[in-house]
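Two complexes, one shared chain (chain A), two partners (chain B, chain C).
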Partner chain A sequence: MAGAGRRIALRLTGLGLCAALVSACGSNTPTIPPELLASSGCDSANYPDGPYGTEEGDTVANVCFKGFRDPSKGSHDESALQNIAFSDYYDPTGSKGIGLILIDTCAVWCSACRTEHEGLPTRNNQYAPRGLRIVGTLFQDAKRDPASVQDLATWVETFKSNFAMLLDPDYQLGAYAPADTAPLNLVVNAHTMKIEKKLLGDQESILWPYIDDSLPK
Partner chain B sequence: MIRYQSSRALALGWGVAVGLCSLGTRAEALEPEDVFGTPVAFDVTEASTLLYNFDNRDTRPNQVPTRANDDWGVFYNRINVLANGGAWQVGLRLDNAWFYRSPNATQIALDLVYARPGGVTSSTAPAYFRQKVDEAGVELSNRYINWLYPAKYYATYQSPNLELGLGDGYVQFGRGLVLSLRKLDELASDTTLRGARATARLRSGTLGLRATVVAGTLNPLRIDPASGRYLGVDSSVTPGFVSALEAGMPRAVSTDFAPNTGNCATFATCSYAPDQIFGGQLEVSHKAAKIAVQGSLLERGMPLANDIVRSATQMATGSASFELADLGGHGAAYLEVALQDLKPADHSAPKPDLGEALYLSVSVQAGALNLNFEGKHYRRFFPLLANVSPLRAREFSTLAASAPPTTEALFLDTEFENFNTCVSGGRLRGDVALSNVASAYAWAGYYESFAESAANDACKVSHDTRNRILDSAAGFELHSRDHHSKADVSVGSRFDDTDRALATDNGETHVFYREIYTRHQAALALGGPLSMELQGWHRRRHQVVGGPGAPWSEGDELIGFDYAPHWSAALGFSYDTNAAVPPTYVNGQVGYRLSSDSSVSLFVGQRRGALRCVGGVCRVFPPFEGAALDLTLRF
Partner chain C sequence: MRLIPLSLACAALGLLPLLGCSSSKRSDDGKSTTAPLACSAPGYAVDAAPVKIDEVDAIVNDGHAVGLAELPVQVCGIDQCFNGTSGKDGKTVVAPHTALTRPAFKYGDGFEYAELAVPLGVDATQDLGPVQALQLPDFADGAPFPKSGAVTNGEVTLTLAKGTDVEHDRLTYEDDADLVFRSTAIPLGTSAEALALTHFNFELGYAVAPLGTTFCPAAQVSLPNSQHWRSGTEVEVFIQGLDVAEEWAPYGTWVKVAEGSVSADGASINTSSGGIPILSSIAVRRK
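== the complex of A and B ==
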């Protein structure tokens, strides 16, 4: 009796699997509304041409943000937000005195980001005279919702940021690394806008010796 | 390796299903067969999972990954065949994943456009849409891909004095400081060394000698059925004999979003480069005493990440251990001392100082009292993290070839960041039998970590990097005289403070982490064939730096009934007051055991996403909402 029950159970299971396998197939290709196909982006006449990429050796695409160019000066409310793009830091001839750009993503929930930002003002004081520009982008709050102007204000006041801190609620840098792997650190050559180093996490012992070696003494 | 399209997958799925339909007759055919005069017993285990994941409720605005893990389904099949011919064993595990439904990159981007919140934004809708299509395209390029591959294969010969193995095998030297490749069912992890191994034993009276050598490449399971992600290699990271060991394994595939660059470092779906591992152990034993030396050398071709461990091209780890398995009938002791040398890929980069580790375990029994102490002292001592790109396959980022002991409770998941790479401390646990049916236990652990609240690869010991952690718990166990019923209830706490003041949104603090919790597990015989099981873990947590910003509660409770010998059913409930995740989760499961080795079960409902750890080996499980039908047959 038990053997017969077992055989029936097995066959029913097999049939269930068969039915599920067949019924679950289907097409899921969506239609794109025409208005989303319009050409519009963060363009700058003075920026390297593509192709752009997200890996070391690739050229970073220009991205526009709103944020505080120097949060150590002025207020931190919405009226103080400035339009800032990566192209602002492009320095092909060296006329701006910029050698490297450190693009750093951060989020309020991210403990490694907070640890990293504790030390960034000191690093900025140390390396800005040698041609480093730090560009931080805050993308999420403590609940992993898009960061707000208030979050950015609290952040720059908490960590006494003295370098560009930008708001990235859209997480425009998502193509470089998923949010879960924050912080992302991109070391970009300001003369070419090519990514020289791409680091996930607070890799202090790798990042800063590299920057120190790369900048003129 | 076979990467196949839907029609072929469907045929394969049908094949498996039809095969299942006729198992009743085939099972009787698996009697020992005569092979060249040797009786060979065949053991076949078939494990299938048919799973569908609906919206798992982790969706966040503007976040591609939180939509890329909704509305997908997989038929995941594992067939294990073992031929046992006495001293010889030959085995094969064939894994097959067919994703019968998966998300679409364009649809993800459209959904994000429609759900895009207002507020300060910098990009136009078309620019946002294009950016999210690209991001989703890359995200899906190594997820939900159909594969059929030989997950494990091996041939072994075993005699009293000699063991030889070719193919996949598990290896652990000492307590895991040097090399630890194991199967952890709780984490669905099964990592082996694929290559060759030999162990020779000699015994003369009370003196014993054992020597083991191993060589091969690290072979983890390549498909993560919880996320649909797979690990892919390409020819740029499989030179020489590694290409033979990787034959048939999943490869990086090119897509519209991830062109084949011919270089794993820049090929967006190339997420794994197998490390070559060589190891050896020499062990001398005399009665209950054992002395051993063991070492491992991890050779890496092209690093796929830039952190200090994964960017090393060579990691040499060696240790000496001393074990007394019997302290005059009153306990045991174990001591292991290890050194580790990392060679960075970038020769201009500063070479890290030699890593050091000391691990000590002492257990003492005196009457009804049982004391166990475990201590550790690690300086720049890193787990041998596998050459996985955490950027392209973050679900596999904790994969490692070693597992330095944590000395903490097995379930502990609150060693943050690189806690265990630069730490000193220990834990003392005491168990006392109160009567024939009751016992009590308690432990206290104190640790000082210098790599938890600060990035500190160099392991700089200072007030600026120090966290002080006090972990304690107490509980009691009861069991019935016939041992058919038992219960275990405990409460515990963890206090984790920094020496330096931490900047938070609410001012400065020295508090890094706080937790109090209670755990319980009970199995009750209800009479006749009916029994009940109850287990739960309820936690009040506060992660000051990072995390949700405010204290939160979370917990899981599971009640199950078993009607022997065939039926079982369970109901689960979880909650989480962390505002970043849904507050409640409900699930149910019903199972039917066909025999002691064969069963079918159906899970329907929700599961909380969580970091799960077993003895310091951790894995992130994403939230799940859907149904899973599991079938295991052994014949």
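== the complex of A and C ==
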């Protein structure tokens, strides 16, 4: 891992401090196993040890957010926010039925992000049964200010998101790519939490064949 | 800078928006019946090869050679956006250093300033020179959208048929107070945006807000005949796609959405077929 990436990773590791937040969980689709539904939110026990990094082949540091685990159900106000961490999707033994995690950044100002998210619910329906979990993170609004709960609510209602959509107003995932290269797509192996693919921009012609080839048929 | 030529595909697709809405159908007994209005977006997405863009330079000014600072700009392909902000002298440099599909330079935030787009050429480094940012009227001076009838701001009047479905981009415009109609003329001067307009032989241009508002059925447009064209002069009305989803207009370029003519008294230009399906920059040329 490059020096800069190592420094970034250290910063990311520090973000684990958000473990003090209260957790709550909902379901995403009927394919989400009970183990995930029982997640402790920001709990990162048993998460792979570092070193962490930001490039393909590196292990992603655990990061915790607030968001909606299943926006297709329930309300979208502040009271419905849950603590959700990457560690929730770590599945070393395969007991959760998760093979890949697609971590996707988005912003309201980012036209390409909006276009991408129009198609993600269908992708989720298609690939969740095969072990994909999509985790979207909204980081800025139309004026490039930090995204708010209202922004997140409007986002999930606009795009009918049926996968975890999280708030990242501090742009914690800026460690992986600058804001102005959004969307960032990280394909992470849920068994190891290693980054298998890192794509900047909406490169669906590369991303989805890769995911399709990587998941069991 | 080399502008992307008017796509033949766009020209061929130009009439599609004119056909986009229907509000009635014939029943089995041959009588005309009222059916739920359905507007389907034509969709303009086409395959295109990415273009390597290293750097795009521009100087954002207020039209009086005064640089505008802190104005957001973007270099966006349909696949990725790169942000920038103008410096104190209006100078802006966006350096994607990557390949973008159908890139355009966008400037203005769509709130205080109109959002405009200049299609980019194929050169890796492009200097657009001066681009004129257009300040929109204050929100307080904007016109609320009626359920039907005319709504006017600046020189642009939109007329909504009874029962028109008006849908706003609530992601971008979160506050109800932002959802008022505002317009400003695009001067046909020497800025890059104006050059793009003249490339299509447009003679009138208007920037509008709130961007992305859709009308079903499409809204009729009325403009003052500021060019003093003869009564009956036929015109074509275009909109520019600012949304990479390209549902209603091709991204970065223009598509014909309506036809019209100068009124009998010569006072106004009015659409007679088609209309504005989505609020985005509007341009007019004579047929």
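The rule is short, and it goes like this: the second predicted complex is superposed on the first by the 174 of 217 C-alpha atoms of A that agree within 3 Å, B and C clash if a C-alpha of one lies under 4 Å from a C-alpha of the other, contacts with A are read in each partner's own complex, and residues count from 1 in each chain.
Assume a contact is a pair of C-beta atoms (placed from the backbone, for glycine too) under 8 Å apart; a residue touches a chain by one contact, two chains touch by 3 or more.
Only a predicted model underlies this, so the values are computations on that prediction, with no experimental measurement involved.
When the two structures are aligned on the shared chain, A:Ala182 is found in touch with chain C, with no touch to chain B. In the superposition on chain A, contact is made by A:Leu200 with both chain B and chain C. In the superposed model, more residues of chain A are touched by B than by the other of chain B and chain C. When the two structures are aligned on the shared chain, A:Thr158 is found in touch with chain B and with chain C.
After overlaying the two complexes on the shared chain, residue contacts for A:Ala142 are found with chain B and with chain C alike.
In the superposed model, A:Ser111 lies in contact with both chain B and chain C. Contact with chain C, but none with chain B, is seen for A:Gln150 once the two complexes are overlaid on the shared chain. Judged by the touch definition given at the top, the superposed model places A:Ala45 against neither chain B nor chain C. With the contact threshold set out at the top, residues 108-112, 114-115, 118, 142-144, 154, 158, 179-181, 200-203 of chain A are in contact with chain B in one structure and with chain C in the other.
Listing the residues of chain B that touch chain A in their complex gives 6, 10, 13-14, 16-18, 20-21, 23-24, 48, 50, 52, 60-65, 73, 75, 100-101, 103-104, 106-107, 110, 113, 116-117, 119-132, 134-135, 138-139, 265-266, 268, 305-308, 311, 348-350, 352, 390-391, 394, 416-417, 453-458, 502-505, 543, 545-550, 579-580, 592, 594-595, 600, 629, 631, 633. Chain A meets chain C in the complex at residues 108-112, 114-115, 118, 141-144, 150-151, 154-155, 158, 179-183, 200-203.
Within the complex, the chain A residues that touch chain B are 3, 6-7, 9-11, 13-18, 20-22, 24-26, 28-30, 32-33, 35-42, 54-58, 63-66, 78, 81, 83, 108-116, 118, 140, 142-146, 148-149, 154, 158-159, 167-172, 174-175, 177-181, 197-206, 209-210, 213. Contact residues of chain C toward chain A in the complex are 72, 74, 76-84, 98, 100, 109-111, 170-174, 243-245.
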